[in-house]
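By letter and in written order, the chains are A, B, C, D, E and F; residue numbering begins at 1 in each of them.
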Amino acid sequence: MKGKTAKESLTINTEVVLPNDTNHIGNLFGGKLLQWMDITSAIAAGRHSGRVVVTASINHVSFDNPIKQNSVVTLEAKVSRAFTSSMEVHIDVFVEDRITGHKTKCNEAIFTFVAIDQNGAPLPVPPLIPETEEEKKRYDGALRRRQLSLILGGRMKPDEATELKALFAKD
Amino acid sequence: MKGKTAKESLTINTEVVLPNDTNHIGNLFGGKLLQWMDITSAIAAGRHSGRVVVTASINHVSFDNPIKQNSVVTLEAKVSRAFTSSMEVHIDVFVEDRITGHKTKCNEAIFTFVAIDQNGAPLPVPPLIPETEEEKKRYDGALRRRQLSLILGGRMKPDEATELKALFAKD
Amino acid sequence: MKGKTAKESLTINTEVVLPNDTNHIGNLFGGKLLQWMDITSAIAAGRHSGRVVVTASINHVSFDNPIKQNSVVTLEAKVSRAFTSSMEVHIDVFVEDRITGHKTKCNEAIFTFVAIDQNGAPLPVPPLIPETEEEKKRYDGALRRRQLSLILGGRMKPDEATELKALFAKD
Amino acid sequence: MKGKTAKESLTINTEVVLPNDTNHIGNLFGGKLLQWMDITSAIAAGRHSGRVVVTASINHVSFDNPIKQNSVVTLEAKVSRAFTSSMEVHIDVFVEDRITGHKTKCNEAIFTFVAIDQNGAPLPVPPLIPETEEEKKRYDGALRRRQLSLILGGRMKPDEATELKALFAKD
Amino acid sequence: MKGKTAKESLTINTEVVLPNDTNHIGNLFGGKLLQWMDITSAIAAGRHSGRVVVTASINHVSFDNPIKQNSVVTLEAKVSRAFTSSMEVHIDVFVEDRITGHKTKCNEAIFTFVAIDQNGAPLPVPPLIPETEEEKKRYDGALRRRQLSLILGGRMKPDEATELKALFAKD
Amino acid sequence: MKGKTAKESLTINTEVVLPNDTNHIGNLFGGKLLQWMDITSAIAAGRHSGRVVVTASINHVSFDNPIKQNSVVTLEAKVSRAFTSSMEVHIDVFVEDRITGHKTKCNEAIFTFVAIDQNGAPLPVPPLIPETEEEKKRYDGALRRRQLSLILGGRMKPDEATELKALFAKD
């Protein structure tokens, strides 16, 4: 199966934070942002695989910067690595200053999708060809994250996670 | 500040999966489930603290079992541990068989919230008093998860994560 | 057909009143509350019968206490009596004080559902076994409400409504 | 305060039943219809009073005819009687045959609204002047329904409900 | 095919502008009004033809008067002319003063629909019989607008648009 | 006021067509697409001006290609010309083939926005600097479209529309 570049799956979404998306001090709900992330990254995974995809897992996400009502939020998703039938997708979230137009990165998340057929059985997906420095770094990190995911899901023993253990060993 | 039991923050939500919540083979979108999880657990954290709360982070979530359109989905959220101004909340998700009424656990997630004042500054919250065996187990695990969260967020060095390192050491 | 207790159909929903749910002095629309009541009680009737159910009627509902934007609203629905193929469901609605957590009952409604097959034909449902004092009282009142419903729907003559007439006679 | 005719408050709404408005055999949810009824009749009461209005109560509603997905539903609401600060509104619901255009009445409901000021205190509303035969019949029936409403709400004793008692006596 | 009057397709919708329908200075989004216009006029075209209809084009629309949050907006749509399988529909939009009930026309738009069968192939529709002065004027103008639409869509050359050219010639 | 390039206002949105967005033969509603166009182009105009913007008008839009449920739709909006306080924005709409990823242009629309202050008064906006061939062509056409818009809105006499008249003269 012929590989595809990360750029080919790039999916961009631009949203405005409306009153119903915010709590009563006017900050965007975390759950709403997660929903936007899921839609945007699912389209990216669909573009990479040309298949129906389902969300398999999301990794740790932190919400450090409150996003205010009326903000313009841009989500950019790209496949960062493909395994047999699963794809890891990175989503970068930016908020922009209305006056200066300056964009600030305010969140980042990693979702994993599986390509499936009509009965829900997994289908093979093309390998991912990283091009930029950042794409290569994310590609390399994907294996470690996959091990962590398998451990947290109870499907791998911690001492089998060679790459992840190195994280602790090197300190 | 007087402690509160986990039971006092128990929040239950019952949802029906509608057409717009599903992809084109009729499975619930992961992002929609995340949004329901966020709302339910935010109410639980609000009940524990009596404060406005904001989502601070979510830990790893996996979606192993597809949930079909028209399913009845029940979400149960309870605070599992409170730190100075943050609260870890566990959400258990169940799908039930329409005919037999049998409930199957299909997902589990952990969200962390911070109690804030009108200016977004953190406020102290009551300690959590675990009662059942499961509540005690989740209470104990919260410290380890907090370390992992701090490492992944770049705010703690791996070798300071005493509890987490033990996870790898003991294997 | 084996009976079921009211507790077995208990369905709980917890909602937050968002800006779009309120009129311009910030009170929850009556129609939105009715919609939440319908969903919650339909799930309860579905749990009792294990069948697809449709709303057959709602009885008189009054909205005495305004519910403000951002309030946490809890709905609790339980089947109160089952007839051949119809089920009466009671819904109790509570609003809670954010700071003290004190819950106040603010509404109560009674919806009736019919269990149907794929063609819309009625199907038999299990009898209801009341257990608590309140469940027994609601069970007994269901017959009188059914007569009132039939009269108001033009399907029973007032003087056939033995139980209902007693309401006026005893004064 | 100068009276107004029923016609002056006539409010018409035309809705299409979408997938998310229906259960899984494709029938409109009762709760969705109730929400449409509430919005339409609230606008009618607002037109009669020129004030902010809140839903005070709804009387018995029955759902005899299932409404299918894609149906065109028309709601027509008119104030049927005004009391000091409350207004009774009748809503007639029609479904039309797509091909012949023939409209069939499929539901009818009565909502009561109260006109309020910014603090929620009741405000006086103009009297209602019925014109057609049907408007006069609904105007006359309003008093009896009001008594029933007060009894069901525990604010009137059954034997004080002179008009309502006559309903049973005359059989 | 027997003709139908414009009145037979009259479709009325009454909407309240909610928080999520407005930008951050509280004015109704143009796109939301366009969506309401499309739904209302599609129902009118469906009533005229007794068929499934799809939006074929909209002509120039201007938004001169801002509509504020909480406003009551009434849309009235009527078929203004029918061609072989297409129908031109005029939509008039009114905003009313809450206190006086005075309605002001604030927008006007023209949408064109095509009646289609299950495969999307066009179906013939009844001719339109204009009755009032305004209906006749709109009926006459429809031909000129159709020429403009064909030119703008690149399907007619400007010098074939006899009626439209007259518009410039007569000045 | 310093000019800005078209590229600086580029706004991209990627949407999936859900069941509630379609009519009963599964085609996207025209009104829904208009709403997506309005949001996307309003953000582009906001990016160009750094101001709150309101929709002033939309030009003729035709819907030639039905868009099916589950399709991935991409909207790309860029300011094509700026006048004193108004901005013309072009929106290109693409549908992509799920398997091959091939994108087909299926719609194009032009919306005009005005930059305003808190009281709704117009504010000056930066001039637009076209760069590509297509941007230059759209920039040149904007004057002619503006004249047509003023004529259709009754604010310019046809014989004052020098550029527009040339369109007819040159044939």
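General observations
Throughout what follows, contacts are C-beta pairs under 8 Å (C-beta built on N, C-alpha and C of every residue); 3 or more make two chains touch, one makes a residue touch a chain.
Everything quoted here is computed from the prediction, not taken from an experiment.
Within the contact network of the assembly, the step distance from chain C to chain E comes to 1.
Listed options C-D, B-D or C-E contain a single repeat of the A-B interface, assigned here to C-D, on the basis that more than half of the contact pairs agree by residue number. In this structure chain A contacts its sequence twin chain F using mostly the same residue numbers, the overlap exceeding half.
Centre-to-centre separation between chain D and chain E, using Cα means, comes to 31 Å. Separation between the centroids of chain B and chain F, computed from CA atoms only, is 43 Å. Centres computed as Cα averages put chain E at a distance of 20 Å from chain F. Counting partner chains per residue, chain D has residues 19-20, 23-24, 39 touching two or more of them.
Inter-chain contacts, as defined above, occur between A-B, A-C, A-E, A-F, B-C, B-D, B-F, C-D, C-E, D-E, D-F, E-F. Interface residues of chain D, counted against chain E in their complex, comprise 8, 11-14, 16, 39-40, 43, 46-47, 50-51, 72, 96, 98-101. Residue ranges on chain D touching chain B, taken from their complex, read 19-20, 23-24. Residue ranges on chain E touching chain C, taken from their complex, read 18-20, 69-70. Considering their complex, residues 23-25, 27, 29-32, 34-39, 42, 52, 54-64, 66, 111, 116, 118, 120, 148-149, 152-153, 157-159, 165, 167-168, 171 of chain D touch chain C.
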